[in-house]
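Two complexes come next, and they have one chain in common, chain A, joined by chain B in the first and chain C in the second.
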Partner chain A sequence: MAPDIDYLALAPEITLAVTAVVVLLLDLFLPRRQKYWTAIVAVLGVSFAALPLIALAVSDVGDRAMLGGSFVVDDFALVLKGLFVIAGYLVLLMSVGYVESDRYYQGEYYFLLLMSILGSMVLASSRDLITLFIAVELVSQPMYLLAGWRKGDLRSNEASLKYFLLGVLASALLLYGMSFVYGLTGELTFAGIAAEGAGKAGEPAFIMAILFIIAGFGFKVSAVPFHFWAPDTYEGAPTPVAAYLSVSSKAAGFVALLVVLYSAFPDASGVWGPAVWILAALSMTLANLTALRQTNIVRLLAYSSVAQAGFMLVPFAAAATTDAVGLGEAFAATVTYIVIYAFMNLGAFAVVIAGARKTGTGDIEGWGGLGSYAPALGALAAVFFFSLAGIPPLAGWIAKLVMFGAAMGAGSPWMIALAVIAAINAVIALVYYARVVKTIWMDPVPATAPEEEVRTASVAGSLGLAIGLSAAVVVVAGFFPSLVTFFSDATKVLAGG
Partner chain B sequence: MTELVLFFIFGALALVGGLTVVAARNPVHSAMGLMLTLFSLAVFYVVQAAHFVAAVQVIVYAGAVMTLFLFVIMLIGVDKAENLSETIRLQRPLVVLVGLTVVVVGVFVAVGGRFAWITGVVGAGPEVNGTAEAIGDDLFTTWLLPFEATSLLLIIASAGALALAFFRPRRREGKEEGAP
Partner chain C sequence: MNTFTNLVLAAAEEAEHSIEYGDGGIFAEWAWLLVIVPFVAFVAIVFFGKRLPRQGGEIAVGAMAFVFIYAAILFVINTVEGVVFEHSVEVARIGSFAIEWGWVVDGLSSMMYLVIGLLAFLIFTYALGYMEGDVRPTWFFAAFTLFAGSMLLLVSAPNLIQLIVGWEGVGLASYLLIGHWWEDKENSSAGMKAFYVNKVADIGLVIGAFVLAIPVGSFRISDVLDAVVGNSGDIEAVAFWGAALLFIGAMGKSAQFPLHVWLPDAMAGPTPVSALMHAATMVTAGVYLLGRMYPLYAEMAAEARVPVLIIGTITLIIAGLLAVVQDDIKKVLAYSTVSQLGYMVAAMGAGAYTAGLFHLWTHAFFKGLLFLGAGSVIHSVHSNNMSDMGGLRKPMPVTFGTFVAGTLALAGIFPLAGFFSKDEILAAFNYEGYTAVLVIGVVGAFVTAFYMARTVFLTFYGTYKGHGRPHESPRVMTMPMVVLAGLAVVGGWVNIPGLYTGFTDWVGTRAQTFAEHHAESFDWPVVAIGLTAAFLGIVAGYFLYYRDEETQQARDSFRIPLLWPLLEHKYYLDDLYMNGIVTPIKGPIARFVDWTNSYVLDGIVNAAGFVTRALARFVYQDLDQRGIDLALNGVAYSTDDLAGRTRLLQTGKVQQYAGATVIGAVLLVIGFVVFG
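Presenting the complex of A and B:
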């Protein structure tokens, strides 16, 4: 018997897989000076992968399910796949100049990055435990390698090893939880688990399984107390890889968490709601307080991304205490936050890459006066950092608004408490985001700054394009939030809202 | 009946193998003990009619993985007079404590019949066909996508490991660097 395969539904994944293999083969045959072709092919491949996505979005077939319901292309999957393609595209653009400037293994670099993007695409469509797990591994494994891509640098070695060891531990926890779920329900598809597990929410083994799964994904989204790898890995890894880790890899973890919790354990929200409440409160508070004391810009962004993960978890906790409509609202709130966060954080990392090139340092002190000799970059840095802080009219404000809306909409005292914690943390976060902007614009140029031509050298074209695109989204979405909420509303199909 | 007899024979062999791993002075003997345990487990799988798993057990674990172990042991040339002094304090009492806990819990579960959520599912599952044909059928229809994705994981591992472990000779790099 032949498997039922809908090739159009799989087209984005197939395009990416073929591109990745072509890049790997090209790398084999190209002479060293023409290796940049691998980058061009990779960028083109990711662009082409977007075409079938558009075709799928406009087709009126509706949801496409195949392989026994394991792989589903619905509105939720399409929106998230679109996000992963765009985020992957931006990271590729950031990588071009960066990977060329140091002696990297370009072909393998792009191959691994494409594979990770492919994994996140499969993840968005996976509706059973096995496909989900393989997809999660497909996202993470290239990242374990890429984190150590600066081979001569000890911190990069440390970054790779730390991420690998903790990531493998997380995978083990995840698998352990999944094995419990399979043992208890005898089902692998999320629909089957939801049906079989309906009456089992109180069983100790079932609760344990859910907690193990949350812990496993907690590592992937770097929520406190599973965040220890994040700052060291971000600092040591090549900066575009850190950007990918903090956006696509984190978003992939959230997508997995959304799909599993909402579609496999809808009846056990009384179990995972409180667990996520604790994760959210801890992530926001601890990460923000630690971020206050950071002197390195990448470490600051690492703690900031942990704190942002906390904000994204807030609607999850709210979902536990509300009805079906509230469930859909909470779901859409998380997706909205992820989409907006992706652009503002990618932008922030792109600015950091450009700024580090100009100032020659990753220390915030050394960035003094950046605004005086690179006003455009300084202004864009202000845009991204203030957006991360949630200052209107930038897009980060909409993300925070939707998040608070979901928390207050639930109405229970616990959720109001969490909303208060989130509000306090938004203020704390403003302090360290604003400090970076203040250094850039108000502090004098430090004596250690590199000479004039380095400081005023123009930013690489592809990097500039990445910064420009992210900035455009952050500004436009801030004025027209319906651009983002249109997509996140479409994803409610999965939560049944 | 055959099942019971085979269980006792190979169960005993598996235990002997396991003890050899821990007790043998020579690491090569330890590896051999591990191999004995793995083979005995393969027999269990055959008895359970999981022929494919048994074959994989022999080929992958008893074959490939054990060869790798032996390679490592012999290449690194582990010293026969290994320093066996224990650095963790209270190691032995702790081991006894943990071991006893496991035994007590095991007996509790087996005899007491508590924790129905652990044992309750046994036998209740659907009839399983463990032949290679049945597994191939499943693998290439329902699980086609994860199967293909796993092959990508293997390429990632090999390509990435090569790129990380391989350093180009310094001299050539210097020459290339001068070029624009």
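Presenting the complex of A and C:
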């Protein structure tokens, strides 16, 4: 008997999968000059994938579960899918000019990117270990290839290989942990694991399994000490791919962590809470200190994204010490942070792509005086970098506020200590974010800057659109935070809050 | 339901809660315009400023004129009937907390609105003349409007979140303004310094806000203070820590020792910025915060007043002494501001709410005036250094006259504004029995009078030592100075013990009241001592700097043994911060972390790698050689091959990174199994 399939619930994924295949086929038949059609189809496909999401959001059927509860479309899944679609859309916009200028393998590029987006969509709905693992791999595998897309560049090769080798290791750790969970509980679905594992929180094997799973996802979200690949990979990969890695791929890792920890191991929060506490403190502190010494803007953003992952982990740590309501709030705090971070970090990367074209360099020093010959770009860079630093009224401030609220609300001395660590780190982070803005606006144009025509050349339309959209969200959500908190509140269903 | 209906409903509700005060009517309900207008003006200047004849300056001045007039109306309404009005609009919900935007009209805030509106209006007008021909006047006026708007946002805040937003906005705008002439690297670094020092202090404010809000379940200041006054909830347990943490935030903005180091450097900004920053915005924010939260400090967290009093007292004397050795006229005034802020904070710490705010009020007039005067002089002689000035009394009569009025007011000479407010603070020290603080306060009064006398004599008397011909500034600059001079004379007459104490009543109208001692009449011994100290200071300045015109400047280099080098190096605080905190973090600590990342972890991993290799050799020689299956050999071979290629790509670190990942996971597990 064929399983009962709810096609509307699967429509976003189906749309993406069909688009990906169409892109691949188109690439076969299109003459070289018209390869840009693959980009157009990809952008359209991702846009269309959003339509069924809206239909699902307004329908009053409630949660749609299928395949024995392995694939669930609830409010949490919808919100995160929406985020993945929008982030994917922005990355596609950023990619158009970038990939075209490289002139090769456009079709494959978009195919792989679409597959990765598809993986993240499935991930948001997966509610058992196998579906989750396959989704996570589907997010990552295309990225191993895309990180090495600039084939002629040795650093891109290095980026790809490093990411691949370490990614495989992380997957192995993850799978190892999962196998223990299965062995101990005999269950694959999260609901089943939660029921079976309730009394096992103290068993060493169970603890080890949870910690291995955290380590595996720690790699995906690039938390210290699982972050080593990030700076090298970001620097070597094509910049839009780095943007995707730092936002969508990282968000996917967080979604996986959220789903697994909160819905499969709610009773073991005494185990994973402290473990995440350590990861959060380490990630914030070490990454921020290292970022202080970076001279390359992409590497700076890489360490910044590691530090931001630390901030996102803070509410997880709070979950260990609070009641059910607090659990829901910690959950919503992380989701809020992820949503806001996605827009400000994509914006920052988009600005870096545009800026690198104008200044001809990724060295921060070479960006001096950018504000004088490209004032709009300079102003937007200030918006994104100040938002990352958490300066009100930009949206990044709301993210930090929510994070502090979750940490302080838990009330335990450990969480207050973590909140203080986070506050100190916010100041350290400000130093390097503000330094970039200062260089752009207050330093003189360096002698090595390219000629006038390059510097004042207009930014590609699609890239400009990506920057504009991200900036609009970052500014508007700062003034009307309910635009974001409305969605993150809806995701609390998963934490039982 | 639209916003307007909300307003009306809330007004009705407020009227029920607070029967003893008026609700301020339509003006209080529309007071949100005070905050919105400057921000609208900011946007307008950014987009249209360049096309206007004055590059956007007219929009800025117009907005401030509106703020001033509106604030004056509110102020008058408050003097007539006493207004307590508060309204909040929910913007978002974060967990159980509402994030709100709103505005407060009560005695304290309407006093601040008036000070900000009046000073900003006058200083913006002055800036029209001062900034003429500047490299980027549009940018200047935009940032200046943002500065004033953020301060109004802060003052109007009915909740701690909005207060923090305004607080950060003030910090950001000050960074832009201090570094305004960023072509000079020193200026942009001064801006950064102000930003960072404030940011460090803000940690205290943010954590303190959460500490107080969480037991109450609300960020509303009125809810927190209601809980404090009614002693409800768990607030008592955290009151001290909350109050102390908020004070750390206040120390940053109000430049209290040892976080005052940013303020003198902030003089790098254009003089109108310094004037506004020192008179009405930014530095008064810390004192305002203490005033806004005063019911907390008055009773429940009275122990937190002890550090407030101590820090304020230290600040007033050490900054006063620093002002004596400065050659840069703006730095004299900057340290003077730090010192006067010390008086205000110490007054708050001593339990004298009204006296502290009264000094804020009078200080706004005469310090604003002195900065504008200094700016007028600098504009004319093109130097900040008093060694380039002298003899300016004749060519700049208006500047001279108003500057002297400001000097006498600051020195606390009867019957000018500073006399009344400083006397009230000293009297409060005496009443509360803080004799040591009283002595330091009196010595501070002497020092204040001395350095101001020195400044006047070095700048306006003797012979001119600069270049070119000094000239009086245009009317657009002198008119604001004349108005402020008038206020510096009469500004203190609103609170004369035993005669007329209007000011006490104005700032006393607020929703949460607290007990405070108000003297029936002057404390005559204190008046006598304070006035004597001020006169002695002026006389000492006269003897040292006036008598012999020719050697005036030479006398400036007189050295106080031991103390002088200490003062010249600003108590070595900057060196301490740079060498003790900033450099280590930027240099060794960051480098250490960097280094640990790439070497120590690598070392551990290398060791692990070594063990693995040894193990592999053992496996190879002892197991493999004895003929275990060939497939294993193949796997080993291909791994080796891959590793070789990796090394060719100079990615030898991959194994180490991988090792770190594994070790991280294993350490976590071991940690939990052993300690968990």
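Annotations
One rule holds for everything that comes next: the second predicted complex is superposed on the first by the 497 of 497 C-alpha atoms of A that agree within 3 Å, B and C clash if a C-alpha of one lies under 4 Å from a C-alpha of the other, contacts with A are read in each partner's own complex, and residues count from 1 in each chain.
Definition applied: contacts are C-beta pairs under 8 Å (C-beta built on N, C-alpha and C of every residue); 3 or more make two chains touch, one makes a residue touch a chain.
Just so it is clear, the structure is predicted and the values come from calculations on it, not from any experiment.
Of the two partner chains placed around the shared chain by superposition, chain C is the only one that A:I214 touches, whereas chain B remains out of contact.
Once the two complexes are laid over each other on the shared chain, residue contacts for A:P204 go to chain B and to chain C alike.
The partner that reaches more residues of chain A, of the two candidates chain B and chain C, is C. Look at A:G461: by the touch rule set out above, it reaches neither chain B nor chain C.
Once the two complexes are laid over each other on the shared chain, residue contacts for A:P375 go to neither chain B nor chain C.
Judged by the touch definition given at the top, the superposed model places A:V427 against chain C, while chain B stays out of reach.
Contacts of A:F226 after superposition on the shared chain: chain C is touched, whereas chain B is not. When the shared chain is aligned, chain C comes close enough to touch A:L292, but chain B does not.
Common to the chain B-facing and chain C-facing surfaces of chain A are residues 204.
By the touch criterion stated above, chain C contacts chain A in their complex at residues 91-97, 99, 161, 164-165, 168-169, 172, 175, 179, 182-183, 188, 192, 195-196, 199-200, 202-203, 206-207, 210-211, 214, 585-586, 589-591, 593-594, 597, 601, 646, 649-651, 653-654, 657-658, 660-665, 668-669, 672-673, 676. Residue ranges on chain A touching chain B, taken from their complex, read 1-3, 5, 17, 20-21, 24, 32-33, 67-68, 70-71, 103, 105, 108-109, 111-112, 115, 118-119, 122, 130-131, 134-135, 137-138, 141-142, 145, 148-149, 151, 183-184, 186, 203-206. Here chain A touches chain C in the complex through residues 154, 157-158, 161-162, 165-166, 169-170, 173, 204, 207-208, 211-212, 214-215, 218-219, 225-226, 228-229, 271, 274-275, 278, 286, 289-290, 292-293, 325, 329, 332-333, 336, 386, 391-393, 397-398, 401-402, 404-406, 408-409, 411, 416, 419-420, 423-424, 426-428, 430-431, 434, 438, 441-442, 444, 479-482, 485, 489, going by the rule given at the top. Considering their complex, residues 117-118, 121, 125-126, 137, 140-146, 149-150, 152-153, 155-157, 159-164, 167, 173, 176-177, 179 of chain B touch chain A.
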